[in-house]
Structures are given as C-alpha cells and as structure tokens.
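Order of writing sets the labels: A, B, C and D. Residues in every chain begin at 1.
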C-alpha cells in the first residue's frame, strides 16, 4: 500500500507525469513549529548532486504545506504536502494496452506493473519513478524535526561503498564493520555537513571519495552503471523503541529500507559479517553508562531532566543499538545495498511485450550510481520508523505511569527512557 | 505488535513458561482441507535436530486446532492453534522489580524488555524466547498448504553458511551468488527432503555440511557459539505480488525475516554482492517464457488452465524474482543472517541491574548455532508474506475483471497470472 | 485517524482556511475510466442548496485529480484529489494559547479540540468544519463509479424527517418503517433525480417536503436550528459483503455514518422501532428469488452472466439487507440522525476559556438544518463502506476459486454472488 | 475481520462446537495486576440469567489466562484467554455442501454465511453463535480493569426497554431522554450492583422491570420473541478521547455496538429524539466545572494529582459527553437496539437451500429476549473502545509534553486531562 507507519502515518501519491507528487502525514504531534523551511533542505539534498547546506537554493521541487499547520504550528491534524511536477503531460508510448510495440525495460518495473495492474503509466516509470520518493523525504523531514527537538536525535547517512570500493572493507580481523574502531569512531561524530562536504559522492573520506568518484565516472563513460552501499547512523535514540514480536525495530527499519527503489539488502549492527564472529566476541557486555551533557542531546528536554539515557550501556555495539528488537540507547547503525541503476546507455538485447526479440537503446543522460542521492531518502525512512515506534512506546509508558508500582515493576519516573515530561 | 499481515493475519501469543503458546490465523480462505497433520511436520522440523521427514514422530510440541475448521475443512473463520508448554511454572529469579540482583544477559533482550515494559518475565526469556516462533511456524504451515494446493508454490530453505564456511563463497568472478551457475542450479531443484538429508546442519552439500558440522562442534566444545546464513528459494510464485510503494514484496520479506529472533541481515537476489556488478551485467533481459508442465506446478489449477506463467521471463535472475517490488514469476531467493547465539557457556564480564560489575555464567546445554533450526521458521515467514500479498492482489484482479476492457488495459483473462478460476 | 477503510483506503486532509482540502484514495481498482467529471457532480450537490442535476454548474469546489490516472484511466496507484480553499488566511481570533479571551462555542468542537491537541485552529472550525467532508464526497464518487459499472449498485439518500415532521412517522401498526409498504415501495425505486426534484429539502414527497421547508424557514427566522433524519437505500449490492465478527457490514456503516459531523444516531432495517415487533413477524422468511433483468443491474457484467443475484431472497426485509453482518442481496437501508446545527444566531449564555460567564453571539447567516446537504455525504460514506467490503470478499472468493470442490463446499462458479468474471 | 482496536487490539476466535473459544489481547499496558478473578465476573454475568454479584459461582465458562502475565502482573505481551466448549462435536446436519436438504433459518446467518464462505459450520450457528461474544467480554474485562485503576472509569449498562415498555418513553416535552431529569439522575449514579438487583431483566426500576418481565414471559409462552434497548453510561472518562475525522468516539462506539449480534441501532446523547429539539435548547452551554472528590474518581491517580477533570463542563448534556468526536469529560451515554431473537418455537413458512418451500420448526428452549444478557457485552465493547482511544491520545499527549510551549499552545501540565503521571 501507499501508507507507511501505524501511528505516525504517511501516505504518498504521485507519478512522474501527473499534476503533482506529495503526501499526507497523519498523527503528527500538535504544537510543533513547522514551516516549509523545515522540509525544503532535505528535498533539495534529494535532487541530483545537490546540497541544501552548501549550494544556492534550487528552485525546483518546492514543497508547499496544504494543511495541518496554522501560524507555523502543527495542529495535530493531517499535514498535506505537495510538490508540482514540471512535466505534467503523459507521453503516449503506446500505453499499457493491446497494441504495445515496445520493450519492457530490463530490471525496471514496466513488465511487473503491467502484470499486476493490467495497465501502466506510459511515461517515465509512473509510480515506480524515483519521483515517488519526494513524499517520503518530505514526511521524513517532519519526523526528524520532532525527534531532534524532543529527543536530540541525529540521523546521518553516507555512501559507504561504490562497486568494490569500500570505506570499511571487510578484513580477516574485522569481517564486520561493527568490530572496526575506525568505523565506530566515524559514526560517533559524523554530521550531514561533513557528508555534504564530499559532494557529489557523499562519502566522508577524501581518498575513498575520490576513488568512488573516479569509479562512477568510469561507468558513466562506458554508458554503464554501478551499485553501492549507504550506511546510516542514528544517535540519541531513546531506549525502549521497537514492538516485538513482529515489529522489532530492525524489522521495521528493514521494511522501510527495502521499500526504497533499487535496494537489494539491509543489515544492522554486525550484519552478515557478524555471522563469522564467535558469540564470545559478538556479545555486547553491559557497562555503566557515562554521564551525558545537555549539549550532546542538542538541548532536548530529556537533557534538562537529567534522565537522558539508560543507566547501563554496552561496551561493544555489535547489536547496532537494538537487542530483542528494542533500542537500548546505543547508536543504531545499518547498511542498505543499492543495485546498479537499470537505465543504462548501452544497447540491450531483450524481448518485447509482443514476445519478439530486439534491441533496446535508452536515450539521454542517466545516473550511473544512485547512492549519493539515496542518502537523504535513507535518512527520511529511518526518521519515519523511529517516529512511529516512539508514539506507540509513548502510549505504553503513559498508560503505565498511572498504575501503582508493584514489587516487580519499575516506575516510569525511575526509568531513564522517560518519553513524557511531567515537569515543565 | 504481535500481528503479522494485513489480509492473512497472524496474531501470536505466549511466553516460554505460560500455559501455552500459539496463534490465531484470521482470514484463511474457506474450503481448504486442513487438519493438525498439515501443520505438525513443520512444528517437528522446528525442534532442535529434528526432521519430520526422516525421524520418528516427536511427541512434543503437538499442535491442536481450537477453531476455524469443521470435518477437516476451513470455515473462513479464525483458526486458533495451541501448543502446551512443558514447564508452566515461572521461576522466581528476582523478577523485574526493584530488588533485582542479577545480570541482564549480554546481547539478550533482558535489559531492553525491562527498559520498555518496566517489568519482565523472570524466566527463560519470556516473549523473546525462541518458543515464540511456534506460532509463526504453525501459521506458516497453513499458508503454505494453500499456496501449494492453489498455485503449486514450493518454499525451501537451507543453511548456506556457518561462520566463514560458505556453500557459495563470494569470488572475484561472482561477488554475488546470483551470477553463480552452481547456486542457480541448486535453487532450481532443491527440496526439503534433500535438505533434511543433511541433518543436523541442513546444508545440501555433503562436503560443506561436514565442514559446518565440525565447525559447530568446535564452537560447542569451546562453550562458544557461531552465526550463519540461511538461504530460501520460492518457486512457482504467481507474478504480480507485492504492493508498492511501501509494501514491495522484498520489503515485507525483509520485515518478516528481521522479525525472527537473532537475525541481523537480509538480502534479495544479487544482494550486497550485486552492488559490485555493473548494470550492463546485472540487468535481467527478458526472454519468451518456456512452456511449463502441469507436473512442475504440482497439479495446481493454474496448470490445468494452461495459463500458468507469464509470457515473458528473464534470462538471468539477479533481481531474485522481484522487479519494482512486484514478483515476475521467476524464482524468488534471499539470504538471512543469523548472529551467534547470545547464550554461551563461557563466563562473561558484564554489569548487573544494580550497576555493579561482575561475572555471568550460564548453566546447562546451549545451542551453538541456530541456522539449522531457523530453516522452517524462515520458510514459514516467507509463506505468510506470500499469502498476504496474494490476497490483496486477488482482490485487485477480481475487481478489475468486472470492468470493460479499454484500449490501454489488458483483460484479466488474457493475462497469465490469473489468480481466479472462473471455469471449474 | 484520517484514514477510512482497510482495502479501499481514503485519507483526507484539510482545514477550512488552509491552502486546500482533499484526499488520497489508495487501492482503487486499475482500469476504471475516471475523470473529474465523474467526481464533480457529488461535490456540487454537497454545496448548500445545490443540485448538480438541475442547476447551472457551480464554479466553486472544483476538484482536481493530482495522480493515479492517465488518459482518463485509473492506474491502480494512489489517486490524490484536491479542492482549493477560497479563503486561505487564518483569522487571528486569539489562537489556542494562553491569552484566549473568547468563548468555546456551545456544542461545537472548540473546547474538545483544545483539550485534545493543546492548540486549535483559530478560524472556521478548522478540521471540524464541514469543509472536511469534501474529501469524503470526492472519494465516495470514485467508489460509487466502480460499484455502478461493475455491479450496477445504486445508492440514494433523502431527507426523511425535519424536527417532528416525518416522511414515515412511526405508528402503532408500524412502529418501524421496515413494515410500512409505502416506505418499502419508495426505497425500491427512488432516484437521485427525484430527490433533487425536491430542492432545497431533498424529501421526495411534495406535501411533506413543503411542511419541512416551512419548518426550516420558521427556525431560520427565529435564529434557531433544527435536526433531521436522512434515510439511505443501497440497491443491487452483491451478497456476501461484511466481515464478521467485528466488521459486520452494519457495524462499518454505523462507523462511517457516525463519523459524519453532527450525527447522533444510526439504525439499520427495522432499527429501534423493530424492538417492538415480535420475532414471529420480524423474521424474514426466505423465498425463491425472482428473475432479474439486465436493465435492473444497469448493464453490469453480472447481468450478462445471468448469475446476478442469489437464488433465494427474503419475503420481508426487516433485516435491511444484512443478516449476521453479511449482505444477502436485498435492499440495504438505514437512517442517520443529524442534530440541530450548533451555530445559531440567538445569543447564548455560556462560559469562556477563562472560566468567566458571558454571552456569545454568532454573526452572519447560518444553516438552520443540515439534512439536505448531508444527503450526498451519506451516499459517499455508504459507497466507501461497500467498496472496502467488496475488495476483501473478492479476495476471499478468488482464493477459494482455486481450491478443489469438496463434499461440503459450494464452488464459486455455482454461486450467484460471483465477484469475478472469468468469461470476458 | 476478527480484530477490534488499533492500539489495544483484541482478536477473537471460536465456534460453538470447536475445542474452545477465546481471544488474544495485544498491547495491554504492562504492570497491571491481573488474574482470572478480574475477568470471570463479567463472564458469569454474560451467561443467561446470571449475576456474578448475587448468585453462587457458576462453574461453566471458566476463563484461563494462557500468556501475558506472570505472578499476576501483565507483562505487556499478548494475553491469550481461553474458555473450553462443553460440546465439542460438530453435528452433521448436512454440512454446507451440495446435498443440503434443510432450511436456512429466517433472520439467522445460515444463508449469508454460505453465500460468503461457500461452506458453513453445520451446528449451532458456528461463528455467528452468541458464544462468539465470550472473547469480547473477557477482553473487555481487562480494559475495564485498567480504566478503573488508572482513571476511575465506571461503565454501567442496563435494559431500557423491552418491546413497547420503556423505562424513559419519549414524550412531547422530552422527545429524547437527554432532556429528561429522571434519566439524567439515574445515569449519574446507577451501579452494576443495582442493575443486577433487578435480575433477570436488569432494568433498574422495580415497576418497569416487573412489566418487562411479564412481557417477556408472555412472548415466551407464545413461543415468540421480542426486542429491546440497552442503555449504557460511562462516567469519569478523561476528556480528549476520540480520533477525528473518521474515528470520532461516537463512530467507534457505534462500530463496536453494531458488531454485537442482533443489534439494529445506536444513538448517542440526544440521539434520534434530539432531531426534534431546537438548537437553542439542544446546545450545551459551558459552565465552570465543580470540584471533584477523590472518592468520585475511585482513588485513581488523577484524583491524587488534583487535576482530575477539565476546568469547564457543560450545563446540559445533550451531546452525551462527546463533542466534535472527542470526549469532554461529561458522562457518555448511548442506546443500543436489539432485535427480537430469530430463533422462535413457532413454526415458520420459509424456503430451503434447495429452493422448495416448507415449514421450519425449532426445537428446545429459546431465549425470548436478549437484552438482559447483552448488558455485560455492551459494557465490554464500550471498554474496548475507550481503551483504544486512550492509548492513542496518551501517545499524542506524551509526544507533545516534550515540545516547548508556544504562544498558541497550552502545556500538557496545565491541562486537566493529563493522561500521564510524572509525579509518583
């Protein structure tokens, strides 16, 4: 379906050649300051080769709030967001009907959309176009704003590999990045500003970034394409998020990430490489949590209350911040694999809708690697997952706060992941 | 939440030391022959070291149908399934309350459950116990039966790696298994009987299986544990399944798999390795689909109608049977990473609920590797995902079948993924 | 939440003074001819005192399709609909904050919105404004078009009472309209054209309509208001719709109707009056169903197949077309109670946000009775309920059609409520 | 479907002749004291002619908790509840298949179940049996316990009419009970103990109750049946509950009530009669809320905090405690219409599955009026609706409590409907 989330619900719409694309965000907390300026930066970062931080404001893909705010404050009602399409005319390439004389593009969605719906958008990929992600990114920006203001949450993604060029390649010692100190150091501090300092590739290491850029250029010149991996880290996430058994936080993150076009894989914490690490090394021993400064929480209310973090944390973090499907307060990090873009300039031998073989040649310029552009999309989907999990856990904690404390229960007020604020 | 699926909805319940564990399956198609005998085999395969195919019937974990069938036929009403627990007494280890003097087990869910709920099951992991998967496997067996009878679907999972021992290790030539002919040949034919011929490891290759068995024994002897990867293939899946944009089939598969305890990663088709394959090689060109014999469809009604498969298929299958989030009729295959089990015999330095450091030593025998047991769980979750996607696509196709055919639409009756049968 | 329906899902948005109001319709069957012309008539009927059938086209509340169609055909992707607001400036009446000096309007939502959200729209009722129903009516028009084309469904609502003036008052003989031959005769034939022939009241009886008109005028002149009842009939509804136990069709209809602003009651079939009828008279005996002409089904495909209706129907219809929560093919009819509008011209003694008593006087013209305008809204919500129920039953029936017929099961092809078409 | 509620989710199962009936309650707040003793009384009240308060404990319909609690405390995990069936053998009356020679019972669900599912339970009504309500009542008892402990909520239902015998008949002066002082006085105080003092009819007025009893006896003697109305009042409900636009509290209440077998109508506050009251009288003016004693809140934590009620309340209560779909803190009250039971002893002329006419005669004793037994079912469904609405509002309020207070927003701590407790 076109709705993501059970509690913070986002419904997106739009094909590449309709009037507009956008979304409705339902159940956003009321009383949040919100204008288009909070949303536009990620919209701009999503456009090819752009950084909202470093480049002049792009005048395309301008988001417009239709509802749900007044005087720049959210009302708690549905927030509709809209971005106009530049080219609103459908191009008649023969449609989806009987007299189709063209080719379904290999590894695109042309064929499967027709199998599924019996009719398909004739131009630009329709709903499977990358333009579909506009609604996600816009909605994600709202979720992110709340998470930052209320909890100091930071979400930063970056390009971790292009083809065989990896920022943290697996080694015999470190079959997984989760045991690699250099990786752990990077994700502890990396910011979007730093990532956007390495445009257009968005890999926060000068040397590796240059190699990736050359690699992409090479594929571009050969009218070919190449895949890559995006890594994302979430810092300052409250503990207690994730809804076992079926909606464990890693499960909903995986769902979110694999719903992004062109993705082929997801791994959290130690991931696939972690299968090769013995349990005795993989287990994350508990340690007493260090004190946290209000600055680290970006001034979120939790900082003021001094109840900002769980009392315990883990010494290592092979778990990737999630244990038993529930966040433990440590950094959450995960990788997402993006396949090489299916649209390439090279001629391709394939078969048409009419079952006859032939050669398909694409026209125009094509993006040889999607990972740089995918960065804000991954961040957006991560924010949507957290926000949804936060609301359901907030409900549980609030409900629990009104029950008498029993011998076997811990009162909410003595916990450290307090998601409500009864003090101000 | 404890419900999986929107249309074929499974709700599970049960801790390891309550009266019973089980589930309710809602919205199962009526008119399906179903008794406990259809469900028990996968329940038995789920038990450690068991094969329902080759070993005498285990008398434990007997499933009982409570409702939803009469005279061995499903009524369309909720099917409740129940398995009694052997040990129904909670053990008082200090509970979840204030006077906790024990240790949260490293990389277990003890700590996060307490953070989340403010109270936790005192014994055996409660809801995060592996016993929770009983409800999934039972429900999956029902989904599987329908898929097999109506569509000839075959779902087979097996152990693909244990530690660094891989059945199909990545190579320079084949950074992903999706380009490896040996892999493709295996998944085209492998059966559960073959997989269970390699008990207890369930890796369908004598040499590799032996190596894995030795590796596991080695970890067991050192009171340590090791992870592994399970590969799953789905054959004869109808085309057109999967609900973009957010419920692409790979997204719901990823959700399902990452909801299984101890999982850390998911990849479909070419997966992470596919990031290193150029687009020109990665793209799956279309070819005319070969004829399919009724036997290949296991006698499903689609076979009889001669409309059993899409007219086109792909020459290669780096997509893993899904394009644009929608099945194309080719084999679906994916990998799931399982971490090393957190319970190990070795003493572990860690910190207690009371924030003081100490040493935790587990007692008893522990499973040093979960992949063999995970095989039927992965199959069950795959079946639940397909069944859910099938129902929503069936609704769409039925609704569409009553509309007049337009110039741009293809009538359902001329399509090859027909999910209804108007003829018998 | 702002989403209605599980399968045919409508999400609405918009306050009275934002940029626009509208909705996203998700999971509409693909291949349906659809343009703004299919939607606009009900939008126009919804405006005060309008009939799309009889009056010149009103240029206000023009609906624009944003997505989900191409060349006038639905693609199966989300259909976004938008209607611009005329007055997009929020009026600063003191906002929802601390320095509120005004009055929450009695029996309006001002007070409860502020209690709920802690902030409220300062003008025109915000989300509780009647403008919110625009999205519903637009979405309902799409559902209705499908239902008409595919099944010949007819949905007609009309004003049944204003104040104590009833079209079919309860009598000793007929404590419920369900036993009144005049009522049954009316609902068997009444059309929207007829209803709109009695503008502005929309009560299809000249005498009663005139009395109602006078009554409304009287309340208007006294700066007062009055409530009324809307009756709705659904003809040609397929049997088998409704999802026990919790989503019985009368339950989802009741949910839909009570979600319309200003509603206070819902009754189906014999309703409240039916409590006074003995079971021996209330029970609807079965009779063999009469043949039905294709014309009666408005040329729907079911008509062509000759399998258009269940073999049995009921002699009386106190059930209102639903038994055990499932449609039986007979006419569905129900009443919806609308309270007197809360906005009146008279001065009202009440208490302000600041807890001091005072007098509130409304300005401007106010609608003294909402039932005439409610007619298309009731029709729209009825269509959304049916469409949602139809999709889930279609999925069930399709799934069942592929199972072998057993001794105790009836094959889909021998049933009369066949929701798929395997023949054209 | 068989699931009710989005946040506090109840999934029921069970036919009258399967092994057991029951439910799974998902997302119950953790840390609540709960044993079978909290649930059994309502189970017992639900049995014909029973009062858990006044009669010796009935040994039938014993509920057993399967999961979700430990040492009598809820864990936050799914709570499975089970009640064994006495008669577990399906009776072969010819099944649902081709060779049916019997009659579908008039106004029962036999015919529609077969139309819908193509197969039906052969005995006792299967899923449409009154036994289905056991799961609802059990789940409702859990919701009620939480609501009482945390908020002092009281839910009391009673029989308000049998046939034409009404406790508060409509009069010229009071076309609706909402303006009747006697009615308002009763619902302000009535308790379950009082209601059960008038067994078996459960109408809390000696004279009217006697008339009703005689009326029922009369119908019983004539082997006929009669309908009636149940009124339900909810006291101490927090303000702010209900989720516009589609899940207004009256809409979800209506959904809940119309999902109960044999219901035909629902009205809230002034209801259908309110259509005849002028707006000037119908509008509920605001007044300053009187102080409330802790005793009135049954010692709920809100009482202790002194923030137990909204600052304003309404002078009259034609709204029935809900305005704009959101609770305002006043008493919520509503009526539910129950039709005369379809099973009667009299012979009925009807038509069989084989389309031939005949006479159907029921055997055995039948319940001539369901309202007395419906009382605890109505209470249970009301509790489920409130609990679900409470959780989503709690999430909103918690999320909002962490945002800085703006000029236009009211901080949670200054509101009176505070659903969290940051102080104890």
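We adopt the following convention: a residue touches a chain if its C-beta (ideal position, glycine included) is under 8 Å from a C-beta of that chain, and two chains touch if they have at least 3 such contacts.
These are the chains along with the protein names UniProt gives them: A, B, C, D = chorismate synthase.
Not measured: the values here are computed from a predicted model.
Setting subunit C aside while every other chain stays in place, the touching chains still form one piece. Across the two candidate interfaces, A-C and C-D, the one carrying more C-beta contacts is C-D.
When chain centres are defined as mean Cα coordinates, C lies farthest from subunit B. Put simply, the C-alpha centre of subunit A and that of subunit D have 43 angstrom between them. Put simply, the C-alpha centre of subunit A and that of subunit C have 39 angstrom between them.
Subunit C and subunit D, compared by their mean Cα positions, are separated by 25 Å. Shared interface positions of subunit B, defined as residues touching 2 or more other chains, are 1-3, 6, 12, 27, 30-31, 71, 73, 76, 95, 116-119, 122, 127, 396-397, 400, 406, 408-409, 411-412. Contacts from subunit A toward subunit C in the complex involve residues 1-3, 9, 11-15, 17-22, 24, 26-27, 30-31, 64-71, 73-80, 82, 90, 92, 95, 116-122, 126-127.
By the touch criterion stated above, subunit A contacts subunit D in their complex at residues 6-7, 27, 29-33, 71, 73, 76, 146, 149-151, 300-302, 390-392, 394-406, 408-409, 411-413, 418-424.
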